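Sharing a structure below in structure tokens format, with a few things to ask.
As written, the chains take the letters A, B, C, D and E, and residue 1 is the first residue of each chain.
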């Protein structure tokens, strides 16, 4: 039992990460990052490789995006639940979340290179084709369709006048009851005829177009309200704007508190975080729907957002553990963070290992069980060929092994062991993201199950994004104190007992 | 102030637990033993209005089952003979035997003899005698050695599991169709050549092929080796394509 | 650590700044806690107890009557028929099972998360769980018609040589619900043991001491015992947490594994779980707010508790809302005609649209008022929202079950379902039974975990006061 | 009541010492531990955080028992389902094959039985490791002791401890801050 | 305590076994149906009385003068064991009665295709139904003959061999309605089988008289 620690024993302005200490590493990261980025850019410039590279880039991007998203989530959760334990590590969460604005830079290829997004999200190309085809069709068929319609109206007119005269003649000798019935019939016929001959029913370019689109690709036509370029661009920008605002606001409060120690900032962060959580949920869900689920626009799962969220929270916690240990090895945070923190972080990882398994099992299970054609294709693709091995690997290595490892208290409280599990978890998350993105590539590009050699692109893209982000992350660590040094809960946190 | 609970109460829970476990095990055993048709049905031997002795009529006189149960091959139900069937002989034979009084009485009044039904499947079971007989399930498989019974009793449990045992592995019970009513048939008595010739005919196969395939499968060398039930049943099952229903709708409709 | 002098009035105003609120107000001593909680059991019951108990007894009698009537006459007295074979019966089952989730959840998840405010409410919530699961069990058991054949659900070798279909969600239900009940009983009982010892030690020799003593197992509070006990309790909590999730997930599988439009959605498991927690917490509050007033437990079940639970209701209500929206979005986005029509008929054109709007209002809109602190601190508002949620969760199950079954693929097979008086009385009766059990629990067992509450007092920390030296 | 010597040869059960507060009993426990007693215990109305270390007790073995209990449950469920669905009664329902490929459908029951068996192991493990139920115990004959379930904090040093001595132990207990020390007889 | 429990337990066990006995004991007690739900339904069952009808008979005859609807079962012609059309209504044709009006007919009716198959069938039915008295050889020395009061008619009796005295129709009629001490077998043997027996009897007679060569027709 250690004695009670007081904030007074800690340095007043917290600990600042001295990036000079790691300048070698930083330099390496930077040069590797730049070199690989240039290589990626070259590949992107090559017309032939662009589509293949698009998937690699998306995979790399989405992996780091989920990590940063997790950082934001933990910050939000920490503030919203009024939690005390995590104050000591909260700044790390904030810094991780702060990568979100940077990720927009890495997302630029999707926005600026039409071929890249076209290769990834086929609905864009198909939709364009569908529309232009429908336009052509409408332009060329307007006359014939109008003629057809006029012919139809003529026929209907003839038939209508026949029916009307028949009814009117019947009316003469009908009983009152029959009269009412005949009148009703006549009204209905008149209404139907009026509707047919009205100007609204006349075929226009728009109506022919809509009809033709519906005929040629009903799914894409129906989804047009969501899957169209204008809205897509809007969402794309909105996600990053919202996420950036959220994290910058929260981190701003936290950093400013370092200076003035104002308790009100804690209260404000807490209140705002509660409100931000629903926003976060919506953005996360639709971001992954847009970027991952829409890799195949015919497929859908209501669980999708939750599934990605689970993996994101889990792997970002693993990253936090690794960064924390790294910093402690460099001599920082020694007085602030104890094994108790590791224990809690280990427990949270454990919880999310289970949660991830729960969500992914439910999703797989329900689709497998009901066996409905339009839903199974996602898993069919991932159970074909070697992807099946990856799927089984995920079950065993993303759930069973870390689950059993984290069951033991020793693993959760020993930084070295917990780091091993964290590394493992991150590796698994990489495979998970790879498993989500890459299987779509072969079939989409018409290159079979696997595009040969494309794995080099994947590695390259991953290195490029990873190295540059790591560089930015490490640098951002150095900007402010490594823990919120004037947070009113800091004392509670450093005296944490499980 | 002493202990509220006496000292012996310390061991009481353990003892009680032991007793409960023993009791529970005993109840489980008793239920497993008693709560099954092997206990509840087997051995049911009601006294019939007429003490009809199957052993005399079948073994001693050599009557065929179908003399009385005339339509068992054609009907789902194996009929109990009418009084007239009894009377065919007993109008003369053993005429004055008091045991036969109900027969005479029935003959005079036209009121049927109220034979007590022994084998009585539940009403939601639709058992069909004719199909079983047509595919070589002998009377004896379900009704026991009736030819040796002085008074008929329930010899087999007739539980659903017992039915399914055969439906899942019919080869253990099939025999050539001509021997269905021969209650003393044994597979060892079967002549291999006749058997294979008949079976090949029935199935529309070539005798040599059938024999060759079976020789490989059942591993007999000489034609005069005694046949086993495994061989007889296995060949028949294949040749006739016997695949009894195992789903619910097979017997419950 | 704040000092322990906060009074109820101060607590009403809510926390000032970031200071932690004490879990027990007015600086109560351990002895006071023992006296107050055990007093509920030992003293005469207030008049209100009887006022509530007698009607609930009568309603429980109604339940018994309805069940006897049902069995003696046949399941036809319920309004179930094709196509809606799962009417109120299964709606009520899912409703009660959902209610039954809060107890173990409060106990287990909050325990794992070291949320120490759980101590004041976990006992009652766990008891509620058990009674709710009992109520839930009634419906499927009687829905099968011949309940005495329920043993067919257990994998016992039998003379029929057939086995249960382990691929059926209905069988998983059997395992999940019975496991949940058993584990909840164990969890509840294990938590009760030290408190039973407390009452035992306060009893005069006699029949009461005999009974409490027997169930207290001779508990002596030795640390060598606490060591295993605490570990066991932690493990049970760790086991119960996924169990709670699994139970309602399995219940959701009953629907989601099918191919029926409106039922087959991958988000069903977490959505059902969130809904269950949502409804369960509402029910806990519905019971605990009156109970704390009747027995004067305001210092133990403080505004902080109500506030926290209101927040959880807000959170889970929002998750449920998220699921509703996702369902709608995917029904539209997925492009499956049957799926989108199912929702069209739930919301716009079917015979049960009112139910959908009731559900949406009660479950998604009404809890949003908890964004405001004044609402969380006004017990009348809290009660009103909880009532809304209780009703809303019932509507949700009704909407899922009945609207879907009444309108499936083939319009020729569409039907309309209306509950009979027997179904309605049975449902009403389960409320009586539930309340009766709960009142008996209040009467005979400590409603708050005595030992655990003492454990969260500041002076229970062995280092309490260390820093002053 | 208080520790009058009896004529029986039976040794006393031990000393029951009451302490003022959690803090006092915690500090005292550390001292008793350091004094090298083996058969002694701390009795309190609730588990005191950190007392295991203060008493020098290790981690409970219960978690291992429960792990194996759970594993038994999982295995039981797997065998039960595999055996009945694949070997004994292979029926194809819901288009799911009657072989091991249908294992996802077995997970719910495997999970439930794992939990069920673990929970039973917890219950019976606690009862077994603590040797409960034990309704009769020498401590219950002490009038003071019944306050352990209210607000009393006690240290009991048992007579069977090799370091126990009637006089020295009493003195020792008083020295480490006991409010009241009582000799409990083994009354049987 | 455990000792007493075990003693009581063994005694109780013995008591149970003594009262309930072991499996398979012959007993008069009807089978115990543990869960009798729907085991015995209120419906007409084979050869069982029914309280639903005034006369207590469940098996109903068709109302006089009616022809059961759909009596001719498609896919199951009379030749394959179904009951021939008309049998129910006591048709008066040769096939069903063996008579043309007042007189017995001779020869097989047109409905019967005579052949090896028919003879085999006839032989099987003969061995089941006739051989007990008449003997497998048809010589009247069947197993029952030992107990019979008077000698049993040999089928090789000239009276029967003579087609003028005993035409096929008469044989058929005798099987159906009995003769003298012989009981009627119409209820036990289907019409077609009766003709098969007649055919077999004729071939049996032929085999005896023509030196053991059985010929068809």
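Note that in this section contacts are C-beta pairs under 8 Å (C-beta built on N, C-alpha and C of every residue); 3 or more make two chains touch, one makes a residue touch a chain.
As the structure is a computational prediction, the values presented were derived from the model and not from experiment.
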item	value
Set of chains whose contacts include both chain E and chain A	C
Greatest separation from chain D - chain, by CA centre	E
Innermost chain by mean C-alpha position	C
Two chains sharing the most contacts, counting C-beta pairs only	C-D
Euclidean distance of C-alpha centroids - chain B vs chain D, Å	59
Inter-centroid spacing, chain C versus chain A (mean Cα positions, whole Å)	34
Centroid spacing, where centroids are CA-atom means, of chain D and chain E in whole angstrom	79
Centroid spacing, where centroids are CA-atom means, of chain B and chain C in whole angstrom	54
Residue numbers of chain C (touch at least two other chains)	161-162, 213, 218, 242, 253, 257, 463, 466
Per-residue multi-chain contacts in chain A, two or more chains	1, 365, 369, 371
Every chain pair in contact, whichever chains are involved	A-C, A-D, B-C, B-D, B-E, C-D, C-E
Touch list for chain B against partner chain D, complex	1-10, 12-13, 246-247
Chain D contact footprint on chain A (complex, rising order)	1, 361, 364-365, 368-369, 371, 407, 409, 497
Residues of chain C touching chain A in the complex	17-18, 20, 112, 114, 242, 245, 249, 253, 256-259, 264-270, 318, 322-323, 326-327, 330, 332-336, 371, 463, 466-467
In the complex, chain C residues that touch chain E	146, 148-149
Chain D - residues contacting chain A, complex	49-50, 53-54, 59, 67, 94-96, 104-105, 107
